[in-house]
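Note that the chains take the letters A, B, C, D and E in the order they are written out, and that residue 1 is the start of every chain.
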Amino acid sequence: MDIMNKARVKSPWVLHFNCGSCNGCDIEILAALAPRFDVERFGIINIGNPKQADVLLVTGPANRRNFRVLKNLYDQMPETKVVIVVGSCGSTGGVFYNCPNVLGGVDKVVPVDVYVPGCAARPEQIIDGFILGLQKLAEKGKKKVEGR
Amino acid sequence: MPKMLSKVLKSLITKPATVRYPYVKPEPVPGTRGKITFDMKKCDLCQDCERVCPSLAIKIFPDEKRIEYSPFRCLYCHLCVESCMQMAIIPDVVVGAPAFEKVMDIFKTERR
Amino acid sequence: MYGELIVATNVLLPLIMGLACLGLTGRGIRRAIIAIMAASLIASSLLLFYSGGFVYSPNYLVEMSALILGFCLVAYFLYVGFRIKNVLVIGLTLLQILLVAYFEYSAIGVSVEPALMVDNLSIFMSLIVNIVGSMICVYALSYMDEHEEILQLSRSRQPRFFFFLLLFLGAMNGLIYSNNILWLAFFWEVTTLCCYELIRHDRTKEAEKNAAVALWMNLTGGVALSASLFVSYYAIGSIALNELLMAGAAPILLLSFAFMALAAFTKSAQFPFHGWLLGAMVAPTPVSALLHASTMVNAGVYLILRIAPAIKDTHLTWAVVLVGAFTFMLTAVLAISQRGSKRILAYSTISNLGLIILCAGLNTPLAYSAALILLLFHAISKGLLFMGAGVVENRLHSQNIESWEGLLGRFPLTAIIMIVGMISMFLPPFGMLLGKWAALEVIASSPPSIVFLLIIFMVIGSATTTLFWARWLGRLIILPVKETKLRAEKLHPPYLLSLLSLLSLDLFISVGAAFFISNLVNPTVGGGYSVQIGAPLFSINTTIGSFPVLLFWLAVGVIFIAGFAVAKSKGGVVKPPFLGGENVEGNPSAFRTMADTEAEFQVSVMSFDSIGEGRLNKYALVGGTLLLALLFLMVMF
Amino acid sequence: MNEGTVVNVNTVIPFGPQHPVLPEPVQLRFKFEGERIVDVVPNIGYVHRAVERACELNDYKRNVTLCERICGICNFMHAMAYCESIEMITDTEVPERAKYLRTIWSELGRLQSHLLWLGLFVDSIGFESLFMHLWRDREIVLRLNEKTAGHRIQLSTCTIGGVKKDMDDRLIAEYRSSLAELKKRMDNLAPVFVKDRGVQARLVGKGILPKNKTSLLGAVGPTVRGSGIPQDMRTLGYEAYSYLDFKPVVYDMEDAYSRMLVRIGEIYQSIDLINRALNQMPNGPILQKNTVFPRGTAITRIEQPRGELFYYVAGNGTNKLERCRIRTPTLANIPALVTMLVDHEVADIPPVLLSVDPCVACTER
Amino acid sequence: MPDPVLSYALPVLLLAAFPFIGGLLRGIDRKITAHMQSRIGPPVLQPFYDVIKLWGKKPFITSQFQPVLAFGYLGFSLMAAAILVFRLDLLLLLFTVATADVCLVAASFNSKSPYSHIGGMRELLSVLSYEPVMIMSIISIYFATRSFLVGGIFSLAYPLLLLLPGVFVAMGFVLIVEMKKSPFDISASMHAHQEIVRGVFTEFSGYTMAMVELGHWVKMMLILSIMAYFWAPNLLIGVGLALLLFFVSLVVDNIYPRLTWQRMLKTTWTFGFTLILANLVALFLLGGV
């Protein structure tokens, strides 16, 4: 199923969830969609609907209220899927490490495949993150085929 | 007459504003706040940077003469650079790269 | 002899059996009566179909008794008028008495030869009336039991109900066989009586009120019919329908036809007389089904179809077209703002009747057969839909289509019957669409003076029709995640018998539409005209288009089989809907909201309040009245 | 068994927390009667990180960084408000040049924020190409940010007692030329917002906030300026605004369109203010080091892109603050938003919702 | 060329090519749109990657009926295309398209989801807004050719466009609605964010979405083909014209914001009706028919 994997890598649809970040990374994600960086070159669309998404793009740390939402969104995404965390606070808790309501990085709630550092992460980094995420996506797709 | 028409048609014939990023790497703007590296020759393990770091990205173990720096915690604010009296922290213009794992950068002093 | 037998089974037997129902109140006996009645009605109408038309003239005694009965009937209306203190009813009845009495006085001993004349149109109508009508009677057996259970009546009123139900069928048969206009008027009034009594059956305040409205509107029709009788007698000296039709279109006769058209509009609930049919929705559902599918409204359409050839190429025919077109469009638009299941059905009926009248008015052979096709399929589908709606109503205790949500999961059998019924109303390759297809072709080939107006009415009407059916359909097929395995619910045998037989009839004649059109519709229209049937009953052709019915059904079958195959092979995990990430585990139709409380989300159908009844009804009334005025003006000049 | 005409089952739908129109997680529960919204229940707290509490746990100097991360869009202003509060308590006199620089950078932040908002706003009414064009031009501002402080979003230049970075002549020239370029681009695009019939059809008369109700509902910022009330914290003359002859931009159509006009006006105004500040900026030091721990309380009110930002800081003479209370403009605008949304249809939700420029990250801290 | 080839093989070939050309056009559409927004945009083959990927995803459905109905959308679209290429009745084509739409709407109503319900309702409204225009266009074609059969267009000696320019333009509205482009993208849009998430597509995922997407291409191609038939004597010119209108619809997409359903209905009906009626009146007055 080579062609399937190729298609998978060529067409990652993104679900973006702001999980308690400061908006910095979110606007950079949007900026990545905007003309200057234009991630649609890689077939990336911000689809806004977990049921059709392949990539869950999370920004910000998980907190006691939204971890449930994050989990739910992750569950509603069909396989194959990858989770990319954008920003330092999403990866580890970052500057909010000692905020009482913050649980920490996103990886405490859902399995994370790619971490993108930065506060706020630059569009270039987000693109780099996507490239790694797509590698992971291809790997998962291959595994799925072999697993059958 | 729709106001957008001329803009749209003009964009159609002019070159796109896109930077083809992963293929064409743009020159980083001087002064970009990027990753830091420790010059362990200069560092005296004073822990100033650890204290000033807002996100606990730098951990200094003076006994083991070891510094752990996590680019995945770092805010790239360069407060540590400003606070370092020894000028032992060298800022880079390149930001930490995305990765599958949150690996730490570990700096060890050669002096024993 | 043959004819007398058929008249007896179709007209008198229902009356006798109805009286039997009134006398023998046992449930089992009633069931037996209805079963016999249904069987004999269907058998006799089929017999009629195979034997062909006949004429029949009763002797003087029968005629006299009909006259006396007629006066009794009018007297009863007068009594009703005084009882419900309705000036309109009293006035109209008095007018009626005056007209008929004067007529009988001045034209004493006028006799019509033949009094009953059964031609192909009558046979066609009789098939619809008897088959669909008797299915509705069977259905009513179960329905009325449930209905009275819900109302918790101490004493059953069913005998009365079934008496009128059967009388209705008998009167309807009489109506379509009559050649004597006086007889026609008599049966006309009998149907009015039955309609009135059935609407007020539940004796609620609303029922009484709406029944009164239905009464005066239909009495208007009766008076118009009497007026037509009057005019035609003075114009040609005869009150035989066939002579009137043959006499051609002299201006004075046009007036007679105009009165008939007016009478037909009241019965068929065209604008501005649509009020009574909507009001009639308070009656038990079999009544609505009967009114809509087989009897009452079809009487009006029948009359229009009957007079259509005679008014060909007159101004009157265009007025009829306009009334039909206007009603078709506006009721379809009105229907999209409705939430009551029976109201939507009622509007859809009026709309489709409008289309039939439009086609009848256009008066080309193709138009005539389009009208017949529509009439045929509409009767079956609408009967089915009303019966299904009644079953659902008795289960849900509500007519609001909001409460139909997820019917597919709750009552799969009824839901599927309803869904097929709905699809048959607005999607190909069912018969209604065949009729609409023909109607579109007819309209496109109508004269340039009127074609633009008709096209606009037609396109808006048919687009809104799609909208309101699909909207309702969408309510039914909601399938909450919980209910993944469907299990058919239990239905009473009369329900099952009537629903499934109509459903299969609908499917059967839709699949074999070509056959039925060639054998049923074409003979009615008259030789040589109308739609042609393509090679081995495969497709239906006109001079300007073709509809490959069987091929279409085949394609639909292939698509759905392939669809099921794909669904089967790919399978899938059933997942709760997307709710912004705040789903509640275990309850797919709830979400977490403020302070982590759980709230059920609801989606109601779009209501279109801005173009609802309140806004459009006055246009409907004004427009309808103006068009009626136009109708008479056109006759005058 | 009624006739089935009147019984209205209401439509109740959740809007968010994950919703493509709104990049931020906030949930609004809408209740409709027919197609009309009759009730809106906001459900917030998805971004709550308890920053105010964390401010009490941290060293007060480190809070500058934390406050900057309250909101990525108006990061500089949060930092500035916090620094001003601390400066007020500790009686630190900020050098003139630093005041000008802060003014310039906060106006730059406003430019960035308004451009961002305009893009999202038109995207919410389905005008994707305008969004793209606007965001292309927004890169000019981000480029300036990058050249100033080495980062596109987080300036991290404000510190207690002044600013950390200075501007040299080359950068000032860069600012001038970039802003001139931006102004040219805006001149090109603004007519689309202001005059396009399609945009007007979606915005005019939507989300009415009557002038006499603004104070009752406590709305702030461009939301009230769109209702004809010249309320703007910059008129208080903090930092260098007192030298800049500042007048708020006010429109009085009271609807979403009016609020958009206010923001477009403010984009031009910001460009103008930055240019004037660059002209007037004196030379001199940029940082006045302070050494005392804060003792006492201070209130700061500054004008964020979304309205009035309010900081209350109480120090007790240690390196930890006793209390840091932040009131953000979006929180103040939520009651107004709820009243605005009533009586609209589903399609009008995004433009009306975005017309107050909700910043949930600020609101929930 | 032998007759059976011309009358059977060619149409079948054309029918098979419909989804491919449709997908390619979607790719070109996205590329041009991107360039209009001064971006580079995805590769032209992007829509195919999307569909293949969707096909390979783990299937999530909302009920057993959903995939069947989604397939119904594709199937009926293809059937409508078949009616066109085999030169059958145009009214039949219209009914088939309506059936396809109802399948899609039914599939979206099938799940109990608020967004897909509102989206489905809006999809019905967009059907409501384009169906009258479509019927009128077809009736206009009848006026020009005196036949409802597609073959009638070909038996005409001169191009249909010369007789029915207004109808051709009005078909443009249908095209935009059908392509779910701004300003008529109320039920779902491909890119710009909707207040109702993905509208009618919200609850589709994996292969159901892929089928819907394919059906979408076929329907787009269907409208474009009808447009191409407006210059039936030389289909190359017809295709050029259709592509021109396709391009115009992309431009329109980029210069208008989304309308509300009321305005959409008003716009399509007033403009569509006026154009078509004016065209027809002119046709009658000039004695063309």
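Structure notes:
We take it that contacts are C-beta pairs under 8 Å (C-beta built on N, C-alpha and C of every residue); 3 or more make two chains touch, one makes a residue touch a chain.
Please read these numbers as outputs of a predicted model, since none were measured by experiment.
Path length between subunit A and subunit C in the touching-chain graph (shortest route): 1. Common neighbours of subunit A and subunit D under the contact rule above are B, C, E.
Common neighbours of subunit B and subunit D under the contact rule above are A, E. For the criterion of most C-beta pairs in contact, the winning chain pair is C-E.
Taking the mean Cα position of each chain as its centre, B sits at the greatest distance from subunit C.
When each chain is reduced to the mean of its CA atoms, the one lying nearest the mean of all protein CA atoms is E. If each chain is reduced to the centroid of its CA atoms, subunit D and subunit E end up 43 Å from each other. Averaging Cα coordinates per chain places subunit C and subunit D 63 Å apart. Subunit B and subunit C, compared by their mean Cα positions, are separated by 78 Å.
The centroid of the Cα atoms in subunit A and the matching centroid in subunit E are 34 Å apart. In subunit C, the positions touching at least two other chains are 575, 578-582, 601, 603, 606. Along subunit B, residues 2-4, 8, 11, 16-18, 20, 54, 75-77 each make contact with two or more other chains.
In subunit E, the positions touching at least two other chains are 34, 36-40, 58-60, 114-115, 118, 191, 193-194, 197, 202-203, 206, 254-256.
Pairwise, the chains that make contact are A-B, A-C, A-D, A-E, B-D, B-E, C-D, C-E, D-E.
Note for the complex: subunit D touches subunit C at residues 1-5, 7-19, 25, 27, 29, 32, 34-35, 41-43. Across the interface of their complex, subunit A is touched by residues 30, 34, 37-43, 46, 48-50, 52-60, 191, 193-194, 197-198, 201-206, 209 of subunit E.
On the subunit B side of its complex with subunit E, the touching residues are 2-5, 8-9, 11-12, 14, 16-18, 20. Taken in their complex, subunit D has these residues touching subunit A: 17-20, 23-25, 45-51, 53-54, 57-58, 65-66, 69-73, 75, 116, 119-120, 131-133, 135-136, 138-139, 142, 151-154, 359-361.
Note for the complex: subunit E touches subunit B at residues 32, 34-40, 251, 254-256.
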